[in-house]
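Some structures to go through are shown next.
Look at the two complexes coming up: chain A is in both, with chain B in one and chain C in the other.
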Partner chain A sequence: MKHTLKNVFHSPRFLVGFIIFMAILLTVLIYPYFVHRDPLQGLGKGFLEPGTYVSVYDANNTGTYRVDLPEAAEKRLESTLPAEDRQMMLDFLKAKGVDVSGLDASNDKLEGLLAAWKENYDEADAKKNKYEGFSTQAKRNALRRLDNRISGDNSNVAMSVVRGEGEEATSTAVSDTDYVKVDEVANAITLPLGTDNFGRDTLTELVKATGISLLIGLIAGSIATMLGLLVGLLAGYVGGLLDDVLMFIANIFTVIPGFVLLILIYSALGAESRGITTCAVIIGITSWVWTARSVRSQVISLRNRDHVNLSKLSGHSLFRIVTTDILPYIASYVVMAFILQVSSGILAEAQLSMLGLGPNPNELPTLGLMMNWAKLFGAYTSSNAWWAYFPVILMIALISFSLNLMNTGLDQVFNPTLRD
Partner chain B sequence: MTKGMRKYFKKKIFWFVITFIAAVVLNFILPRLMPGDPVNSIVGKNISPGATQEQIQEQIVYYQHQFGLDKNIFGQFWDFVKNAFNGTFGVSYSQYPKTVSQIIGSGIWWTVALQLPAILVGWLLGNLLGALAAYKRSFWDKALMPLTLFFSAIPAFGAAVILLVLFAVTLGWAPVNGAFDPGMIPSFSWNFISSVISHYQLPFWSIVLISIGGQAVGMRSMSIYELNADYVKYARFLGIKDKKIVRYVFRNAMLPQVTGLAMSIGSMVGGALVAETIFSYPGLGMSMYAAINSSDYPVISACTLIITIMVLIASFMLDIIYAFIDPRVKAAQFD
Partner chain C sequence: MKTDEMNPAVVADNRESVSFGTRDKDFSKEPLCLSGRGVTRVFHTGKVTTVAVDHVDFDFHKGELISIVGESGSGKTTLSKMLLGLLEPTEGEIMFQGKPRDISTGAKKREYWKGIQAIFQDPFSSYNVFHKIDSVLLDCINMRGGKNLPKEQKIAMMTEACSFVNLKFAELTNKYPFELSGGQMQRLMIARIFLLKPNILLADEPTSMIDACSRATILDMLLKLRDETGMTVIFITHDIGLAYYISDAVYIMEHGKFVESGKPDKVMLEPEAPYTKRLISDVPKIHEPWDLSTVELLQKA
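Here is the complex of A and B:
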């Protein structure tokens, strides 16, 4: 036993898969201790992009510090200078005969554009020469205002905060060097993955959903493996009529695709009665057949081995023969089958949820439900909210990847013909 | 035909019939357990606001008669079987008075035209890649296997969504949904055909990519298993040329892959669910999705029945083909 385990953990594939899986599991278990937030609680209205959100109201009521950032004015221009103003600058430079090839209205080219502007614009010159398209007084005034703004003279766009109402209103001027410290603002939230269509924090929801999906996979996988093992052992070892009956049931289950059965049973249940456990149990009892068949065929080849016959002659009970003389030989197969069943259980839940047949959506999130919501609320197309579905796909892929890696690693250890 | 062969086929046909009956019964019973009365919801949708209690009652009786729900369970089962055999599958609840066969008839050709070429192309490419990976192990295994393993771990719907977002939404190379431009009427004009082709690309490639991954991984491990088999070592000792051995090896490794091909063709309609719902492709998968969401159980049970029957036929055909091409089955069954 100890030797086998050592072998297994020496397989690089198994190790990598195991580490990824454990990392996911640990995150799921530890995360709730750091973020105490109900995963289904709506924080906003609709999709919010990932980022830090600071309350404007509270920021205005927080003490300010004077900070002089060297490139503050430029950055401010980058985020506030409208595209039509940039176009106007380009038009003016063109009209004056400056070479503007290689410049455009994008943020990358802003520095070059500003340099060209400062070099070529002169108020008196623009007044005197009346360049084409800028000959009217209004146009020239617009150019002057633009120049004021670019040269950092904010006197004509001063800002102040007004507190109170009517007579008692006081107004405080906001300078462009006033800063607040983010952790001093009463209300600010960092949403690393934004929010979904319901305004829920996607990261918290994703962690919870991963936990629930893993749970569904574990329950479904355990049930499928236990059922498959039990049926396979009984059919293979006892044989006779029991074998015929069990294989009859297994045959029906093989030919009617498991997915069809799932769709039929799930739609028969209705959304309200589909809890997490119910979903998992149903996935489990529709996917035991392949395990049962392989276990049965292996047991049949084992049951006439000498050591089993010896056990029988010694008068050992059926239970003892099965557990001590047969189970150890198929244990490695059963472990591998279990890993695959967990992975396919998680996938089955996700696919059913995407068809609108998932667990009750008002109770807990699952990975499949999150995909379904992203689809229903247009995250792929109209909202283009990658954070609402891409992390979910990645999480499902990582879970199956780690489980598959563990499985191939075990396969290499237990079936040496596949070994490199 | 030998005696053993006849016995083998008789046994197979017996199983085929039994499973078929079980499938029909399951398809009949399960959807009928669905909560909610379909007649009430139809009447609720169609009745005018000022209707009296009597009129509502009249409507309910009318629809119950239309759907055959006034009969007892055995009468309903008899109707179900009769309708399945004459091909109408009864009347749809959500799209009354359309028959289920009309709904299915409009979808099935889109599904077949999308799935069959995609499955075949994916199967061919996947097996080629898998065989190559097994034969030239050092390079492929070190460089590509971990990558392949990761990409084959991406679920089918995930891959479809990524393709959709990348090529249709971000790059705008292909349309986002549907099978042709919404303003068009199906015809044999060049415009219509080019629209169909451009709408075809994304769903097609999403299915191909998924099946390449699965097939390649399967083919590779089968080939490696066969390459290490005793008969290969023996053949090498005998001095048979490598080329010749490889031919035998891949022919043997192909056997389970043929099963895979037949099964994926058989379960085509089920496999179409994912790609069709994500790309809103108007095939059978989409009809089934709509039926699930409107609790339209005649359509659901017709679709699941079609899937079951196709899988049944596929596995039956496989049994017959195997009896002829696989010497191991031949030896086991025909003696």
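Here is the complex of A and C:
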């Protein structure tokens, strides 16, 4: 036993799978102690990109520090110069006959665009020549305002903060060198994976969903393995009529596509009565067949072995023979089957939820439900919110990858012929 | 342990003690231990029907050493499983100690198995690899009703059984069967029988998987056990030469039927059935060229 365990942990595949799985499991277990947030609580409206969000209101009420960054003006311009203004600059340069082939409205090219602008724009020149598209006074005024902003003349866009109400209101000017410390702002939140369509913190939701999905996989896997083991042992060891009846049932389950059966049961139940446990149980009782078949065939080959005959001759009961002379011999196989069942249970839940047949969406998130929401609210398409679905896909892939890796690792240890 | 098996002196010593004492004894006056009338076993695999054992009759007496000889596939193992009650005969009746055998319930089976025990061919697959040697032997003590004996007495019994087969219990305790050699495992099997003391011992080719040196030791122990306890030994083998040396009665089995039976001297020295002749001619004789005439005869037929 000790020797086997040692061998198992010497298998690199098993070890890699085990480490990945344990990392996921530990994250799921420890995360709630650091972030006390309800995973289903909406923090905002719609998808928010990943990043740190600082309250403007609180930032204005926080003490400021003077920081003079050399490239501050340029960066500010980069982030505030709208696309239509950039387009207008390009149009003007084109109208004036300047070669703009290397330039466009993107941030990368902003430096070149600004240089070309500064070289070619002159207010008096624009007024005199009336370039095509810029002949009206309004257009020329727009060009002048744009030029002012670019040259750093902020007199038109100065900012001030008004505090208090009515007569007591005081106004403070905000300088472009005023900075607040993020830690000192009363309300700031870092969303490493942004928010989903409901404005929920995707990371917190993902961690919770991973936990729930693992639980579903575990329950479904345990039920499937237990059921398969029981049926396989009975059919294989007792044999005769019982074997025929049990295998007949197993054949029926094999002929009916499991997933279709799952969809039918799920839709018949209705979303309200589909709790996490119900889902797991249903997945479990529709996926025992292959375990049962392979356990049965292994038991049949075992039941005529001499050590089983000897055990019978020693007067041991059926229960004792099955538990001490048969089960230990197939234990390694059952563990492997269990790992695969957990993996396929998680995948089955994800598939069903993707079709909108998952557990009740108002209770807890699951990986499948998160994918379903991302699909329903256009994260794949219109919003292009990769953070709402890509981490979920990655998590599902990681879980089943690690479980399958553990399974192949065990297979190599227990089946010496597979060792390379 | 290994040195014992290898030591020619020990082996030679054991050979000398092989008992020939009961060869000429008339066992027909002894009470019947196990007998069968028309015992048949048919296997169905799909549409193919195989008659493994075909209406065999036999009478095994108390204290007798019976050899059932036949080649692979002749139905020896099927017959032995029926005798042990691990398989039900399709037809026919088996009598145990003169009365029809009744093993219809689990309790009756357990009672029957107190009277009949077995040693199997392959010592490597006869043990549950997850159980220690102690538990194998303790099982036997429990089966004989010694469950509540004090621990010291149990250990004394196990030590006695081990020393009967030239093993040291102190060295075996807390070991697993697979840590022993094939010969040691088979000797442990005999120690098991020593503790159980059944009326009938069915030995299904107990020496065929073991090297020639250990074979003599094991046969000697079986015979010694028979002499001490007076049990009936049913010895199943494909080695007619071996059967000749040790048996009180020989049954020759071909295609599920007994083609010849009787005292070994009669069967071996004046064989009637062609199959028996062939089996005898197949025994390698060291000082003569190999007689292949019967094989040629069979091929012509």
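Just so it is clear, the second predicted complex is superposed on the first by the 349 of 420 C-alpha atoms of A that agree within 3 Å, B and C clash if a C-alpha of one lies under 4 Å from a C-alpha of the other, contacts with A are read in each partner's own complex, and residues count from 1 in each chain.
Criterion: contacts are C-beta pairs under 8 Å (C-beta built on N, C-alpha and C of every residue); 3 or more make two chains touch, one makes a residue touch a chain.
Model, not experiment: these values are computed from the prediction.
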Could you check whether chain B and chain C clash or fit when both are placed on chain A?
fit
Classify the contacts of A:357 with the two partner chains as first (chain B alone), second (chain C alone), both, or neither.
first
Kindly classify A:133 by the partners it touches after superposition: chain B alone (first), chain C alone (second), both, or neither?
neither
With the two structures laid over each other on chain A, which partner does A:324 touch: chain B (first), chain C (second), both, or neither?
second
Larger contact residue set on chain A - chain B or chain C:
B
Looking at the overlay, what does A:51 touch: chain B (first), chain C (second), both, or neither?
neither
Mind checking the angle chain B, chain A, chain C on Cα centres after superposing, to the nearest 10 degrees?
60
Can A:314 be said to touch chain B (first), chain C (second), both, or neither?
second
Which of the two partners, first being chain B and second being chain C, lies in contact with A:306: first, second, both, or neither?
second
Which partner does A:396 contact after superposing on A: first (chain B), second (chain C), both, neither?
first
For A:252 in the superposed arrangement: first (chain B), second (chain C), both or neither?
first
Just the number, please: smallest Cα separation between chain B and chain C in the overlaid arrangement, in Å.
5
Complex contact set, residues of chain C against chain A
81, 84, 86, 106, 109-110, 113-114, 117-118, 120-122, 125-131, 139-140, 143
Chain A contacts chain B in the complex at 248, 251-252, 254-257, 259-261, 263-265, 267-270, 272-273, 347, 350-351, 354-357, 371, 375, 380-381, 384, 386, 389-390, 393, 396-398, 400-401, 404-405, 408, 417-418, 420
Over in the complex, which chain B residues touch chain A? Could you list them?
15, 18-19, 22-23, 26-27, 30-36, 137, 141, 149-150, 152-158, 161-162, 164-165, 168-169, 176-177, 221, 224-225, 228, 267, 270, 273-274, 277-278, 288-289, 292-293, 295, 297, 300-301, 304, 307-308, 311-312, 315
Would you pull the chain A residues touching chain C in the complex into a rising list?
305-307, 309-315, 317-318, 324-325, 328
